[in-house]
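Two complexes are shown next, each including chain A; its partner changes from chain B in the first to chain C in the second.
Here is the complex of A and B:
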């Protein structure tokens, strides 16, 4: 059994409870936007719901899942207890207090600024303070992850850090860098404005600081999925990881490449000239590399398994894989969604081509496929993999789990294919109602209706997921057989030693620092060298 | 499939070469579109004071809408404000270069024109400038595409693209949609 199982379960149940509620809101939002009449359909309710859905999915599900899974990986991969276990509970308490503060403020109607804030609009300060508490808690986690790896390396000199932990620490490093942008934006600009201490905002600066966070945060969410690809899927398939080195390289590249690229979210913005947009576009091209390496290494690992199971021929190994294993099935479905979502992402980053899709449903489709699809389906698979170790129980049959994973992928495709099309047609984002009587819009109606069907399938799948987790606790359906300890995939050729640069992050942090200075140094300094006129604060915090 | 260590290393290296070749093609395509066809995002760093822009200058009410400049250039100036565009409708000629200039006196807005690649954020403190040519005449929707408050969904303008023969500026060089 895992020593910190109560801690991990607390984190993961918090993540999934909030997730399940946020799925309901998401489906309701799609219903409101569709031609079908929906209840409670006012703009106030709609933006309240969009804020709650985004906050829950992007900040709560992710942060709590990643922290919980990180504590789990640290204990199981290193086979040692997490240093400072009390601090893990302190981080949890901070996070829960923060989430309650933020959600109560949202549902009081005092924070309808959406989860990406948009100053000079400001919400009630309690919304921002709640999010700050969640982030502060996650910083405690980062320190613990880094300390756990350092202690293990001291006790095991010269040995390679197990890949699952190396990847977890790369994510902790990434998160510390990532949160710097939004932390500066909130603490020094938005919160003083929300408190009434300042009356104006440099909007170009706040957008630039948020863009610092906005791309790398997605890789923070994504890395657990990649940890499962590299360290869980090959073992679940009955094979070996093709190359441990490529895994290390990919996680290092995520850290290095995902930070100096956030300005590709600002291609259509007027506060930056084309020079730095071009620089960050060029670096964005490189961020595809770790994913493109992964889509070779993981199928190669699965091919080893397929051939060991008797598969022959060019494609015969694919059919020979154990697709009834939830982890294998989720990996396959995640790769399909990654193909479409990643292809859309290439279009988004293509500089001037971004004008075709910016702030249309295309973008919503892109990040729902990558995050809601690829990432979240792997969160499900990880939960199914580790729940026996956390509860000491194993389900008799994984069929219900596989059905749930299939429905999630199908629902996500049915929802996002129409959104991509609507985006190309020019359907704009963040509105509650469309005038389907307008001849220019009437043709969208069947596509929007189809996407609602996808949303309903996702809702069914989310409910099945919670039921599948609860099934572990129901005596009647669960076999009480001994659960072997968590094992991670072994490489085809496990490394005896690895170079220092693939066993730690010292040098890579220097590389990140240099790249960030090059990519963001002037774009941020510009707000002080050539300050733009400031905009008046618009408080959205209700009657006060 | 061979799983010798040297075979694995060689195949990973080959794949890495394929990856760099593939992203090289993407990068070259983007750079050529930028340099050869001048396809760039609207990047025009020009500041304006959101609190005084309505009092005088090009974004004062009398100067908004489409006007024909002394050099024959067509410029359309539109203010994006909570929760409407001023003017709500603008006329531009088909098949001729048009310059759009947008500014916001309050919060962040954004625009796109459906069926075209006209797209920009409108950020208070800055003028957003977009150059385009409309290939086809007709009525186009120009909604606000960035969250600007609870009335965001109400923000909608129309761009009326007319054949050059119907594009008739008045004596001040102004062209309006007229009564609708």
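Here is the complex of A and C:
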């Protein structure tokens, strides 16, 4: 059993409880936007719900899951206790207080700002302070992860840090870099404005600072899924990881490439010149590299497993894989969704094509498919993988878990394929109501209806997920059987030693610094050098 | 030792890759693309590079003309209104004598049920359809060549002429076959199909877009055939796909009965 199991369970249950509530809101939002009459449908309720759904899914589910899983990985991969366990509970308490502050403010109707921080839309200061507490808590976690790896390296000189932990620390590094942008935006601009201390805001600068955070944050959410791809799926399939080095390279590249790219969210913004947009677009292209490496390495690892299980021929190994294993099934389904979501992402990041899909349902579809699909289905699979180690119990059959994963993937595809199409047709995102009797948009109605069906399937799957986790506790009589300690996938050629640059992050942080200076240096500095164009300076409504 | 050497090699490779990548992208983003594109916009290379960095005042870019392919080329602009206002219906009568009356008759009430009545039709509608035939936005074996032989002035004159004629009376010889459900579609639509009412645009008085034709008294067979053509997309000169989206939701029976509905008194 894991020493920090109560801690990890507290984090993960918080994450999944908030997740389950937010799924209900998500389905209601789709219902409101559909031609079918929905209850409580007012624009105010819709924007309140979008804020709550986004805050819950993007900030609470992710941060709590990643922190909980990080503590778990730190203990199981390094086989040592988390340094400063009390601090982990302090971080948890800060997070919970912060979440309660934010949620109460949202449901009081004082923070309907759609969970993105784009002034002059300004929430009550309690919403921002709540999220700041969550982030401060997560910084404690970052320090603990970095310290855990440093302590282990000191105790094991010259040995390669286990990949699961190396990846977790890469994510902690990434998170520290990522949150810098939004922290500056909130502490120096948005919170003073929400308090009524400032009268105007340069929205060009705030949008730029938020873009600093906005793209790398999605890789913070994504990396646990990749940790499962590299360190759990090959073992669950009964094989070995094709290449440990490829894993290290991928996680390092995520750290390096996901940061200097946020301006692709601002392609349609006037405050930046085309040159910097072009440079950041080019850097965005590089983010595909670690994913492409993974798309090669993980199927190669699964091929090893499939062939060891007797699969032959060009594709025979695919059928030979143990698809009834939740981790293997989730990996397969995640890759299918990654294929479509990644393709859509390539269109989003292309400077010219972005104009076509900007602010349409296409964008919503893209990030639901990648995050809600690929990432969250791996969160489920990780939960199913580690819950036996946290509770000392295992289900008799994984059938219910597999059914849940299938439904999630099907629901996500049924929901997001119509959204992509609607985006191409020009359907706006973040709009509370559509009059489908208007002939100009009447043709959208069947597509929207179809996506609601997908949402309902997702709701069923989410309920099944919670039931599957509760089954660990309910079926105590049948499920008690010895659970072996958590083991991670072994590489086909386990590394005896690795170069220092693949065993730590010193040099990579320098690379990130250089790239960030090139990509964001002048675009941020111009706000201080040149007088802001009048169109960029907005009056604040003051305290609310 | 081997690991240290490997580490140094990798550091060099990473540094070199980074420098080369950034240099190439900066050259493309700040110099090559802005200079080439700036040439089309009439910018000198120095200004183009400065603007790629976000420095300097916006210049006057040459207008970029991208060919648009609208459903129709008719725009309700001041010149169009002026042309229609200046139309001469006497000249229109003469032009119609040469080009139209063979099918649409001199009084604008066609004997052939497949041919629409023109008497009392909106001049805007007639003008717009003639222009669409001429431009190829609407296609008909008979009408397209005729419209191509007319100029804008003649179209406006013909439109004014037929608009000035007294419309044919409604056919009161037998009760309308259209029941209350057809009247409901015409007047209230069908929300369950997100079908707006016909009357939302084809109102007796002011209604939808300017070019909306008058339906009351129109030939039932013609109305039905046009609804079918919209539903199949064979006719596609409706702005924003309005009629195509609506007609696609109607059943063939409803199309026929809607034609009858507008041809009989109610």
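In this section, the second predicted complex is superposed on the first by the 529 of 544 C-alpha atoms of A that agree within 3 Å, B and C clash if a C-alpha of one lies under 4 Å from a C-alpha of the other, contacts with A are read in each partner's own complex, and residues count from 1 in each chain.
The definition used in the following text is that a contact is a pair of C-beta atoms (placed from the backbone, for glycine too) under 8 Å apart; a residue touches a chain by one contact, two chains touch by 3 or more.
Just so you know, these numbers come straight off a predicted model, no measurement behind them.
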item	value
Partner chain(s) touched by A:433 [first = chain B, second = chain C, both, neither]	first
First, second, both or neither for A:493, with chain B first and chain C second	first
First, second, both or neither for A:514, with chain B first and chain C second	second
Touched partner set for A:283, first chain B, second chain C, both or neither	second
First, second, both or neither for A:274, with chain B first and chain C second	both
Which superposed partner A:17 touches (first chain B, second chain C, both, neither)	neither
Between chain B and chain C, more extensive residue contact with chain A	B
Doubly contacted residues of chain A, that is, touched by chain B and again by chain C	272-274, 277-278, 282, 286, 438, 440
Touching residues on chain C, where the partner in the complex is chain A	3-4, 6-7, 10-11, 14, 18, 21-22, 25-26, 28-30, 33-34, 51-55, 189, 191, 194-196, 240-243, 245-246, 249
Residue ranges of chain B touching chain A (in the complex, touch as defined)	1, 3, 5, 8-9, 11-12, 15-16, 19-20, 22-23, 26-27, 29-30, 33-34, 39-51, 82, 104, 106-108, 110, 112-115, 117-129, 139-141, 143-153
In the complex, chain A residues that touch chain B	43-44, 47, 112-114, 118, 120-121, 202-204, 207, 240, 242-243, 245-246, 266-274, 277-278, 281-282, 285-286, 288-289, 292-293, 296-297, 300, 303-304, 307, 346, 350-356, 358-360, 425-426, 428-433, 438, 440-441, 492-493, 530, 532-536, 538, 540
For the chain A and chain C complex, residues of the former touching the latter	35, 272-279, 282-283, 286, 436-440, 442-443, 445, 497-501, 507, 511, 514-515, 518, 522-523, 526
